[in-house]
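Residue numbering begins at 1 within each chain, and the chains themselves are lettered A, B, C and D in the order written.
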Amino acid sequence: MVLDVTWTVKWLTLCAQAMAEHRVELIELDRAIGDSDHGENMDRGFQAVLDKLSESPPETPGAALKLTAMTLMSKVGGAAGPLYGTAFLRAATSLGDAAEIDPAAWAGALTAARDGIVARGKAELGDKTMVDAWTPAAEAAGKAAGNGSTDPLTVLVAAAEAAEAGAVATDPLVARKGRASYLGERSAGHRDPGAASTALLLRAAVKAAA
Amino acid sequence: MVLDVTWTVKWLTLCAQAMAEHRVELIELDRAIGDSDHGENMDRGFQAVLDKLSESPPETPGAALKLTAMTLMSKVGGAAGPLYGTAFLRAATSLGDAAEIDPAAWAGALTAARDGIVARGKAELGDKTMVDAWTPAAEAAGKAAGNGSTDPLTVLVAAAEAAEAGAVATDPLVARKGRASYLGERSAGHRDPGAASTALLLRAAVKAAA
Amino acid sequence: MKKLINDPKSVVDESVQGFGQAHSDLVSVNSDPIFVTRKDAPVSGKVGLVSGGGSGHEPLHAGFVGKGMLDAAVPGAVFTSPTPDQILPATLAANSGAGVVHIVKNYTGDVLNFETAAELAEGEGVNVRTVLVNDDVAVEDSLYTAGRRGVGGTVLVEKIAGAAAERGDDLDAVAAIGERVNSNVRTMGVALTACTVPHAGKPSFDLAEDEIEIGIGIHGEPGRHRIPMENADGITDRLLEPVLSDLGVTSGDKVLLFVNGMGGTPLSELYIVYRRAAQVLADRGAAVERSLVGNYITSLEMQGCSISVLRLDDELTGLWDAPVHTAALRWGL
Amino acid sequence: MKKLINDPKSVVDESVQGFGQAHSDLVSVNSDPIFVTRKDAPVSGKVGLVSGGGSGHEPLHAGFVGKGMLDAAVPGAVFTSPTPDQILPATLAANSGAGVVHIVKNYTGDVLNFETAAELAEGEGVNVRTVLVNDDVAVEDSLYTAGRRGVGGTVLVEKIAGAAAERGDDLDAVAAIGERVNSNVRTMGVALTACTVPHAGKPSFDLAEDEIEIGIGIHGEPGRHRIPMENADGITDRLLEPVLSDLGVTSGDKVLLFVNGMGGTPLSELYIVYRRAAQVLADRGAAVERSLVGNYITSLEMQGCSISVLRLDDELTGLWDAPVHTAALRWGL
């Protein structure tokens, strides 16, 4: 398995599929501690990404992610739009013109994405945001790549599993950033929608390689 | 039993009591085919009548009914206020200054009341309004008085029973006057609230004499 | 029942008091009996305009008291027309000597109470004319009923007759303008939910999650018939068709389109209805020259709307455009 | 879910279209991307005012576009802040060369999207200043959260900064006035019922028949805490106390009292709340010099209200009184 532009487009297609499939679930998570729009926003955004991808097929993984970034910025809105937009943009920049993504590059892209989100949103780990999924994902990918794994799948799986665990770990937290923070203690006991969507996106990356 | 001013005040007091007790029931009847206010209006009106009666105790049955008329006019509002106001006013006029109400006078008062309602509201028998209770009541009282009965109770009972039957008979009718008429066929199958309150008022007259 | 109230019995008193305080530059509130007058009433030489009816339709009528519209408003209990002992002093307060027009929605209670008050006012030397508003096309067979109800058109009658009074028309002329508006306006409404009268404590009718009431009035009474829920365009068509055919709107007509919220429907939805109604009118070749969208004659927190169409002529348009300064309708001042 | 809509996905487009048609004398609507501008934008020499945010708060913001208030409004999806590719062209359309003030409610999404748009606009040579509105005292510990939300105060910032721009203040001065309003206004809200976001199809939270949410925002999010239902005076006191103590209102202060409906509450109830709030303010020795009562910043069909108090000085009062002509707020014109 090589993570080339074909894989990237497949990944993004599976992202769109996941957002459509989990639309209601993400709305429900946001309903509990936010404003009931996260699933709708992500679904709308990734459907637009699909359109863009077929309108102007990208030539490199980086180009695909840049197209995704711009589309999410202009179609998602809310907090998630700029944050995911920034994440995909930073990931694209980190990948540059490379035709393929090797394990280290994937780990680098995730770290860049995470850093972009933190730079935009100023959330810290434990604030009950998507950062709580991106941070362990980037770290796990870095670790898996550092272990010298040359099979991209290992890195993708490590990142996805860490993101999923990170999302689950937001359940007991009290939100300190984003809309859920207004609820104070009442935000505890619910999963952060953005962390949940992050886990879905990174799981889609595994599926695209499977 | 003499139907003097004491009886009249007792009757009006029992009217107030009946309107308070049946307030919710009359609201419910009006809810079905009107605007949910008949019980509230009648209760408010008769509570005000009680206040007035104790403020300025009347000297004759006619004076008591006139006070009631004026109070209902200014406190009930809606369709029922002017209609009941007119009814009590006409009854008062028909009784004049007499100290007591004999059977013929009671029948005459009811007939005057009924005519007053028809004059104001232009409803005919069968239009599913309070006229459907007042008309048989006045007729039954007239008949009982005409039979030479000298016991006022007989006349009161005859009127009350006829009013009750008249109210029940409104159930299947399609309303042609008042707010229920806007429902067309949908008004059938419900008792007219004003006919129901009329029956309660005339039943109170019996209780006052018992 | 959850309402921002203290006691069902004090709803009208407290609400009107608050209204008077919030708009003390515009109105005075008389409390026993309760009625609201224009701060500067009676306006010397001007015909007075008085309207009233049950409460629960806010901003109607008190919200329309002020320059260019009503001189006095008389609020009854919730959904219960006011009594003559309120209407009479309001009428006297509105009378500058030029006489008073009563604008009365066609409900038995309103008609009877205003009739009595008019009689009493005449007895005190005030000339009174009554304009009866009966614009609701939902009421069929009106010969055999209490007749058509007065609904959304009332707002338009009050505005336009108010402008006529303000420009100095005499009593008969103001009444004639009011009647002209009434005979050129038709309305039909829909309820998506019932409302809850405070003293009743429960919804005025029961409606399933997938049903709506077509042809409602403004007192929480059930409508003419019940149908399954439809989309906004479908509902708009259903309301507009009887309005346009009863009014006989034809190509080239100039109209005012009024989409009124029943109190609990978001403004955004009213604009969706407006959009479709404007489309239908355009398809018929009618020109929407003026519009009004918002909650102007309501049924407490009922969800739903009514659509009114008023056929305009140059004079009516001019009177509609004339300055008005009330709590709920204001322009040019 | 029963709504006067055709399709959850077309709610904003159709509603804004209808709005544009109903107010074609005042505004122009751009459809892709969607935003609303003052008919005569950009106004030569005048600082431009642009606001925006998620839809569902109507009449905010499009209802405040017009002379004396906003030059452009940018509606996002329901409860979702708009995107830079909408905000940027709206900003360009509002810019006459004198620069543009963005009025942004303090939500992460709004802040980030407006931030990006401002950056892009600066890149195209437009000077942009941002006024962040964060008047909601329900949000405690704001150091450890995303900070206080922008709620009712937004309407007052838009009106008063709009008047400053209209009188010819320069970019920094208009932004400074906006910030002055923001730092002198506090708000707190209550929900009696939740609202239903069209695409979600069910209420934004579940609330029992005898419970209310205290300290809600305007996006249907649950409030700060939940308490058993109380009467209007009790609820008013609960909302007003934190507002007054946070603002530090003392005897002799002049204030504007704004009772705002969340969309589904009858106007009559808002006046009952107003009455109590005015009483409390009078007891504190504060003078209510101006007031505003109605549905101005809503949460779809939510039942409830918010109370805002703005401390006035002569300049702010003058700017409040200055003529304004928008769909939802109009006087002096």
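Definition applied: contacts are C-beta pairs under 8 Å (C-beta built on N, C-alpha and C of every residue); 3 or more make two chains touch, one makes a residue touch a chain.
Computed from a predicted structure; not experimentally measured.
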Subunit C and subunit D: spacing of chain centres that average the CA atoms, whole Å: 29
Separation of subunit A from subunit C, taking each centre as the mean of its C-alpha atoms, in whole Å: 54
Centre distance in Å when subunit A and subunit D are each reduced to the mean of their C-alpha atoms: 32
Junction residues of subunit D, two or more chains touched: none
Overlap residues in subunit B, where contacts from two or more other chains coincide: none
Category of the chain touch graph - line, ring, star, complete, other: line
Pairs of chains in contact (touch as defined earlier), listed by label: A-D, B-C, C-D
Residues of subunit C touching subunit B in the complex: 33, 54, 76-85, 107-109, 112-113, 115-116, 138-141, 144-146, 149, 197, 199-200, 202, 204-205, 217, 219-222, 224-225
Subunit D to subunit C touching residues, read off their complex: 2-7, 11-12, 14-19, 21-23, 55-56, 58-59, 63, 192-193, 209-210, 212, 229, 231-233, 235, 257, 259, 263-276, 278, 288, 291, 293, 295, 298, 300-301, 303-305, 330-333
Complex contact set, residues of subunit A against subunit D: 27, 31, 33-37, 40-41, 44, 73-83, 120-121, 175-179, 181-184, 186
